[in-house]
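One chain, subunit A, appears in both complexes that follow, with subunit B as partner in the first and subunit C in the second.
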Partner chain A sequence: MIILIINNVVILAGIGGFLAMLLVIADYFLANYGDCNIDINQGKKKFTVKGGSSLLSSLAEKMVFIPSACGGKGTCGLCKVKLLKEIGPVLPTEKPYLDKDELKNGVRLSCQIKVKQDIFIHIPEALFSIKKFRGKVERIIDYTYDIKGVYIKLDEPKNIEFKAGQYVQLESKKYGKVKQVVSRAYSMSSPPFEEDKIELIIRLVPDGIMTNYVHKQLHQGDDISFTGPYGEFFIRDSKADMIFVAGGSGMAPFKSILADLEKQQSKRRIVYLFGARTEKDLFLVDEMRHFEDTLADFTFIPVLSQADEDSDWKGKKGYIPPILKDYVKDPDNTEGYLCGSPGLLAVTEKEMHKLGIKNVYYDSFG
Partner chain B sequence: MEINSYVIFFAAIFTSNILLTNFLGMCSYLSVSRELESSFGLGMAVFFVLTVTSALNYIIYHYILVPLDLVYLQYIVFIIVIAAFVQLAEMVIERFSPLLYYSLGIFLPLITVNCAILGVSLFLVIRQYSFIQSVAYGAGSGIGWLFAIMMLAGIRNRVKDKYLPKGMAGAAISLLATGIMALAFIGFSGVVIIQ
Partner chain C sequence: MKQTPKEEMIQERLKPGVVTLEGFLGQDKRHYHEIISEDLDRLKSLGKSHGDIAERIQYFTDQAFEFADEAGIVDDHYEIQYQTERGKLISPFMDNVFVPKGFVRLTNLKNGVTVEWTPLNIYMIKQYGFFEGKGSTHRVEPDKLIKAIF
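Then we have the complex of A and B:
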């Protein structure tokens, strides 16, 4: 009996082992793409990588960082690069993020295409200035029950140069049961003239890998790294009036922008509408009142959507889009800057266009 | 068995189509038949896996399991062989046709549990086919399956924009079309019988 059982097990294991060996050999020959060359901007930068991984990660390995808010999952559509030589058909996972012109010009999502041959790409020069930074957590501030501010003192390189409103990609580490390392985009809330540190404002998302890491695992003195700066969300140089609209941690870029404008002694007319649910969700109000004193023409208007009936809240109630029109003087001479959840942005942008504001810039959390 | 291998090959395509007479491999047949292109891809993958696994399983059955008197292990062994070969097919497709790889998506690994493939391996044992007959039966069944899914994809493309009563849309009309196709294939049954 025992012999029979052993016999069965040995035969099965033998067949299984043989097939597994076959697969390993096949994998070695089939999945081995050898060394591939990547050429950026016609010879500006060239290097050789091991084929088989995505273009995004191959580039990051060589310290060329393409913006990607989702960290390579193919859900944000930010990591577009232009291919100078076609490498194959556009994949169904890329199509939703590419418009007609981009399809025609060979623009692809770098997180979806794999390096299997020599690749020639074109990226904006500005991306070369994106670096990887290492630093230590200097302090963590509780702004509200679910929003924290994290100050990071830079170690390597020591200084960062960015425009107020831009963002970085923060990198998490493995913790508890979470075995994967992710990177997520957060706007700098500290002004650009504080070159040796940055502040990020991060709201806890239930089940969010990164936000749980920051809120529950990260402590003062911990090492942390990020890449950046990325993004086109900064103040356009003009004399036009500006309307800022933000919700929750969308406060971050505006805090940076306002401090920067204060230093430049800007004379522009600025209205800042900040949406929150209740008084518990408001933060940095004192700081905003301070800007009202120091800036030439700045008004901060918190708007509560679910203010308690019995609270003594005397400010605005309801939602931002319907009251926008009260603050627009001359639509042709007004710029809109929005940062917050995709829902808030979509409705606000629509309302602004309806009021005749053509220049609307936004930074979506999507 | 004295049946000519060519006869088995053509019979497997027409009279004894694995899908339309045995109704094996229905799951991916119904879910991937939305577009002609991807059904052709999946059909080719099934054809490839079927041909190779029927040969491999024949060899393993007759030269390992029978001499060692371990015939009762056939179910497990056949499945392992199929799983390994699907893995191989996956690698080949990913290397040479990334577009097909993405459009097949989850259905590629699901070929492993496509019952048409295990069914063919078990039939060739029951019907005591020789090696050549087994390969002919495997390849024929693969082509038969490819035919069936492509025909359904064509039909579904035609039906797509037509008005259908609510209860008939989707899987219901596909199953009806399959049933009518199966009836049509019975028309071939006077030609050869390999049961």
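Then we have the complex of A and C:
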């Protein structure tokens, strides 16, 4: 009797599974959703797409790039958009990424929604200026044992417009065990006037998906893509003194900013404190010394926290926060610009505020 | 074992190359439920809960954050360094939580035991009692951890 029941259950489950598979296959091959309209921000942008693809890829096809770090696989939860008209129930693949308020307000994961009808959405207006760029790796430089400079020559579009200090979202390709495209933020270290290429400075993070791709898989001549520009980390237009503080790959935006200030023949007083553990972690020192020659009032100060006992290092030793006070003339007339690890940033920002510097700028890592 | 669709999706996300490069299971072929329940049993026999452990390693991580990526001493005999990294990582448990990237290394100078963890380890231990599978690059062995931090 029990065997008979089990048999029936297995047969029914099999039929159910087969029918579900048929439905998926039929949807894939036969469903024709025709043309569907997508309306963004109540008519600010409108276009027609062929139904059937995900909202994320339909938007990308029309050059609207919603943030994504997993290439549309439903594993990063970043591709949120707000639906202004309901189009059906939230999918089980979306729910875990949406909080109560988001669910109530019609927020959905654009990579999980299929365009089958007209769709009305709201997205931050800043996303309208984001473009997707394709290019080729022109050159890879070993700056240190764990930091590489990657030059990308642009193919499509051929030029990029950005403010020195901004970043892009670099996209990887599938490799080894990584079966999906991932994207990560990297500051542009080349200046905005070199419009046909960008440079990124990328530090290897042990076990990092993207940094292992860049350091171990990427070669000169490879195709690569990114979206951008993003971010609010750029020099404020004023006459105030500036103190730059960076560590490791945090050098990237300052390389771009300094070349830009050099071109503008800036007269502002700038002190740049760069933190590293040992001399092996220092790079681009000659370029920084070059800016000391060409900029009106620029000083570059590398600071080593673990200078080798037997090295003949004659520069500063120790940590940056305690020595900051030596370089601040008038806190009311000083701006702080920080880029590097969150640990260095937090302690430096606190110290700057203690010294009376109110305007401190950095990229948030949210 | 019967799994809900969400559990199936979580098990997928724990594999290499989805959320992290090496994944969270190592050579462990077991379901994550089994990994969690074996570790929780072991903790019970050692007289600790996953909440106690998470609270303690969060405490050390917060203290080390103040050292701006350099090594420092906490409470006389814990040498600790937190290499903070820019960016956040999503939890594989499909709970809409993003956690900072980075690594923490702690050595108990009294007994010489060294352990490592990441902010994601703290979150997964606190929320789910998940110490990762055997052989995973970031598995935190409960026995060793307890020796080092208490």
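What we mean here is this: the second predicted complex is superposed on the first by the 245 of 366 C-alpha atoms of A that agree within 3 Å, B and C clash if a C-alpha of one lies under 4 Å from a C-alpha of the other, contacts with A are read in each partner's own complex, and residues count from 1 in each chain.
Heads up, the rule we're going with is that a residue touches a chain if its C-beta (ideal position, glycine included) is under 8 Å from a C-beta of that chain, and two chains touch if they have at least 3 such contacts.
Bear in mind that the values here come from a model prediction, so they are computed numbers and not experimental data.
Tell me the contact category for A:G247 with respect to subunit B and subunit C: first, second, both or neither.
second
Who does A:P206 touch here: subunit B (first), subunit C (second), both, or neither?
second
On the A-aligned overlay, A:P342 touches which partner chain: subunit B = first, subunit C = second, or both, or neither?
second
For A:D310 in the superposed arrangement: first (subunit B), second (subunit C), both or neither?
Neither partner.
Please tell me which partner, subunit B or subunit C, touches more residues of subunit A.
When the residues of subunit A touched by each partner are counted, C comes out ahead.
Who does A:Y319 touch here: subunit B (first), subunit C (second), both, or neither?
Only subunit C; A:Y319 stays clear of subunit B.
Classify the contacts of A:G88 with the two partner chains as first (subunit B alone), second (subunit C alone), both, or neither.
first
Where does A:P96 make contact in the superposed view: on subunit B (first), on subunit C (second), on both, or on neither?
In the superposed model, A:P96 contacts subunit C only, not subunit B.
Report, in rising order, the residues of subunit A that make contact with subunit B in one complex and with subunit C in the other.
Common interface on subunit A, subunit B vs subunit C: 92-93.
Given the complex with subunit C, which residues does subunit A contribute to the contact?
Touch list, subunit A to subunit C: 69, 73, 75-77, 92-93, 96-99, 176-180, 184-185, 205-209, 212, 247, 305, 319-321, 340-344, 346-348, 363, 365-366.
Would you mind writing out the residues of subunit A in touch with subunit B in their complex?
For subunit A paired with subunit B, touching residues are 7-8, 11-12, 15-16, 19-20, 22-23, 26-27, 30-31, 88-89, 91-93, 114.
Which residues of subunit C touch subunit A once you look at their complex with the stated criterion?
Residues 5-6, 9, 13, 16-23, 65-70, 82-88, 90, 94-96, 98, 100-103, 137-138.
Flag every residue of subunit B that touches subunit A in the complex, lowest number first.
60, 64, 68, 70, 73, 76-77, 80-81, 84, 87-88, 91-92, 94-95, 98-99, 102-103
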